[in-house]
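Structures follow.
Both complexes shown next keep chain A, but they swap its partner, so chain B is in the first and chain C is in the second.
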Partner chain A sequence: MNRITQKLLGLVSGLSGRPGGAYNIREDSRCAGRQNSEHIRIEQKTDKPGIDIIVRAGTRGETVYIPACITHSAVDDLVYNDFYIAEGADVTVVAGCGVHTEGEADSRHNGIHRFFIGKDAHVRYLEKHIGTGGGTGKRIIDPQTVCEIAEGGLLEMDTAQIRGVDSTKRVTRARLERAARLVIREKIMTYGCQSAVTDFEVELNGTGSGTDLVSRSVARGESKQLFRSRIYGNAACSGHSECDAIIMDGAEVSAIPELTARHVDAALIHEAAIGKIAGEQIVKLMTLGLTEEQAEAKIIDGFLK
Partner chain B sequence: MNRITQKLLGLVSGLSGRPGGAYNIREDSRCAGRQNSEHIRIEQKTDKPGIDIIVRAGTRGETVYIPACITHSAVDDLVYNDFYIAEGADVTVVAGCGVHTEGEADSRHNGIHRFFIGKDAHVRYLEKHIGTGGGTGKRIIDPQTVCEIAEGGLLEMDTAQIRGVDSTKRVTRARLERAARLVIREKIMTYGCQSAVTDFEVELNGTGSGTDLVSRSVARGESKQLFRSRIYGNAACSGHSECDAIIMDGAEVSAIPELTARHVDAALIHEAAIGKIAGEQIVKLMTLGLTEEQAEAKIIDGFLK
Partner chain C sequence: MIVLELKGISFQTPERREILNEVGLRLEKGKFIVVTGPNGGGKTTLAKLISGIEKPSGGRIVFDGRDITDMDITQRARLGICYAFQQPVRFKGLTVRDILELAAGRFLREEELCGYLMEVGLCAQDYMGREIDASLSGGEIKRIEIATALAREAKLTIFDEPEAGIDLWSFNSLIGVFQALRKKGKSVMVISHQERILAIADEIVVLADGKVVRHGPKAEVFPTLLGEQKQSFCPRQEERI
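Our next item is the complex of A and B:
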């Protein structure tokens, strides 16, 4: 595990050194460390790059770390990680990805994650993305998350991409059975010439299933953001999607939510708002002694918290 | 003007007989009556079917009627109507279309309306669509409305399609200059195997321009509705889009609003909600002595009012 990986691990997973319990650390398309725990087994795939993470029944409040780091230019990393979560298990998955470039060539991480969440299982999924380094090569992260949530299962996704990623396309697909739930909280900030695309698609197939998608973003500089969400209500279910974006400088933001109700007891709601920071908020903080830049930073911090 | 036209005119324009002032009545692709007024001139187009409606400066609070009626099966009517509204004029346009079929063949009215709204002019545009008759031939109405609104101009569109139209695609395009405004209120009810598509696209190009789009709909039976809106904020502007739909029986409703902010001072908001009538509302009205059907009808009436 090289020094850059050590630094990135702290940024994306809050780790200093190797964690206790189950983990798999991916460094420049190779495995830089792996450990199983009593309840969680991690197995190398044999047909393609990636791992299977098998969380056994009886797992309670355990955390598994599977960060991926790219530490130089000219890496194009593609990985398939599958999560098998047994009935009734309760687990936290800390994913996250850091891409560091010093050179002129682009580096990219493309992680395709599939979750098979058993009956009444509960997964918290934390995914932080970051780009670092002074290279002109683009830092690209394109995550795909595909979820099948069985009866009574719950997936809580918490994703954040606050700095350094030049281009990202974030695709999430989910199918929910009876009484299953999916909660997503997304935070994105882009600046310079960065671009970020979010694309959620949720099928509410089971009676009593529900989803709550909330995206908050800040677009600065000349950056571009596109938020898409599609919720299909195919049963008695409830769905809510919300997209709030702060636009600054010469940025461009699009929000395209899509609701489709195919059942009389599907209740679907969407809200979206795009606007700049209110002038009064800045003036108020400036009267408390902050400079304009400090006031702006404070408001953005609060918005993305 | 035949009897069916006379009846349809009452339904779509509230007319009993010919109005005073300017009007043009279209019956089965022909002109069934036309009149100019001091301020409003109506001219037959020479290159294609349709009329030019020229509203002179100085027009104040006048109403022009241009209803179109189709009174039998197997009519495919296509008409181009252009409205030239002079600077500062204030006018109400009552359009509206009724399609009546008794036979097996479909009948269709496709009205392509272009509005050129001058500086500080104010247009109220009322458009009611209805289908009548016992024929199995489909009643199809596909209106297109294209609007150019100059500085300070205002267009208020009020559209309603409550019964009898089997298939409709309603396309509205608008470009707004400085301080121009576009307000749309749309009401739709579909039932049986009907389908209704709404497609709004508004470009807010001028400083201080604004739009407010509100669509309310009820989908019953096996009917299908699709609501699309796109608002582009290309200047310091404000845009609001709202879509509320009641879903009943085996109906399907989709809402796909799209907001794109390309200017730091563009403030754009969208809300959408799809759901059924709340059970408590029905129970409450039933305790006041209404039957379930009466309670439902009362709630829908209120919702579409």
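Our next item is the complex of A and C:
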């Protein structure tokens, strides 16, 4: 592992060195370290770049780390990671990607993740994206996540992209069976000329399935954001999506919700709010002794916390 | 010793409607002053002018011996002016702990948080992690606003209609909050119509039509007040009675 990877790992995964338990660290399209645990096996794919993460039935409370780091310009990384989570398992997956460029050429990480979540299994998926370095080359991260959640399964995705990523297109597709649930919390901040696209599509196929998709974002400078969510209610189910954005400077934010109910007991809701920071919020914090700039920073920090 | 002096303070809206007309007021340090008067008389504007949210169109404001007329909100807050809003502001993402720590200007230990929240009848365990967003009721957020004012430990605290939107139980504890501030010798200005708050004042200021129409010890002002306020709200009320 080189020095930049170590720094990026700290930023995206909170790691300071190699973790205990199962992990796979990807550095510039190569494996920089891998370890299995008693219950979690990580295997190299043979037909394409990537790994299979296999979690045994009944695994409880383990965390598997699979961060990816790009440490220089002119890297075009494509990886396919498949997660097989067996019945009743309860695990945390810490993914995340850091892209560092110093040169003029762009670098890109394109991670295609597929989750096969077994009956009554529970996965917490933490994903943080960050860009660093002073190069003019763009830092691009385009993750795709495809989830199939079996009866009673639960996937909680917590994703954050706070700085340094010039372009991102995040595509998430999910199919849920009976009583399965998908909860997504997304936080994005863009600035300068950055662009971020979020594209969720969830099919609620089983009776009692449900999803809750919440995106909070801040768009500054001349950046552009697009939030698109599609929920299909194909059974008696509940779906909620929410896009809450703070817009600043000359930025642009679009929210495009789409709800389709194909069952009389499908309860689907979408909420979207885009607006600037309320002046009264800044004034309130100034009456507590903060400057206008400090108040603005505090409001944004809290909003994206 | 005078903590706050308003010298000929006037305020007009951008449409040139006169809200305050050469208001003069001297508040003594450590006193509990209640400002009352009819709605639209300029009370909230007065509080906003003292805290710097609005700028006067004429006159000077002196706080703790310094002319603060040209200072901004932040500078005044740092000098020790605290303003508890009539309608508290909601923040997505900021928690009760966050706002109390911002008010105190430092990290607060759990027992300190507990102390401020207990004073307004809230349990710290239940509330310190709560976001100050739409999930809080009007009464809850009002109590948090008052706790925030307490955490400031300011030289002068202005409460703008603290009783608005809170239930009877909270109202009783609110009176307790004010009595505790008096005991500590804090200078407090409360904008209120509430008889029970007026009853614990050292001094009462009556503001009507943008002017101070009366200012004196509670014993002098309070007995005359009820009739005047009725008249201000509805001039024909007494005729009907």
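Going forward, the second predicted complex is superposed on the first by the 305 of 305 C-alpha atoms of A that agree within 3 Å, B and C clash if a C-alpha of one lies under 4 Å from a C-alpha of the other, contacts with A are read in each partner's own complex, and residues count from 1 in each chain.
Just so it is clear, a residue touches a chain if its C-beta (ideal position, glycine included) is under 8 Å from a C-beta of that chain, and two chains touch if they have at least 3 such contacts.
This structure is a prediction, so every number in the text was calculated from the model and none was measured.
Chemist: Looking at the superposed three-chain arrangement on chain A, would you call chain B and chain C a clash or a fit?
Modeler: fit
Chemist: Based on the superposed arrangement, let me know which partner A:K45 touches: chain B (first), chain C (second), both, or neither?
Modeler: neither
Chemist: Report for A:E258: first if it touches chain B alone, second if chain C alone, otherwise both or neither.
Modeler: first
Chemist: State whether A:R60 touches chain B only (first), chain C only (second), both chains, or neither.
Modeler: The answer is neither, since A:R60 touches no partner chain.
Chemist: Name the chain, either chain B or chain C, that contacts more residues of chain A.
Modeler: B
Chemist: Using only C-alpha centres after the superposition, what angle do chain B and chain C make about chain A, to the nearest 10 degrees?
Modeler: In the superposed model, the angle at chain A is 70 degrees.
Chemist: If you stack the two complexes on chain A, which partner ends up touching A:E280: first (chain B), second (chain C), both, or neither?
Modeler: Only chain C is touched by A:E280; chain B is not.
Chemist: In the overlay, answer first, second, both or neither for which of chain B and chain C A:L288 touches.
Modeler: Once the two structures are laid over each other on A, A:L288 reaches chain C alone.
Chemist: Once both structures are aligned on chain A, how many angstrom separate the closest C-alpha atoms of chain B and chain C?
Modeler: Minimum over all C-alpha pairs: 16 Å.
Chemist: For chain A, what residues appear in both contact lists, the one with chain B and the one with chain C?
Modeler: Shared contact residues on chain A: none.
Chemist: Quick check on the complex: what are the chain C residues that touch chain A?
Modeler: The contact residues of chain C facing chain A are 51, 53, 72-74, 77-78, 82-83, 85, 88-89, 91-95, 98-99, 102-103, 105, 148, 152.
Chemist: For the complex, which residues does chain B have touching chain A?
Modeler: 233, 245, 247-262, 264-276
Chemist: Within the complex, which stretch of chain A touches chain C?
Modeler: On the chain A side, the touching residues are 216, 244, 278, 280-281, 283-292, 298-299, 301-305.
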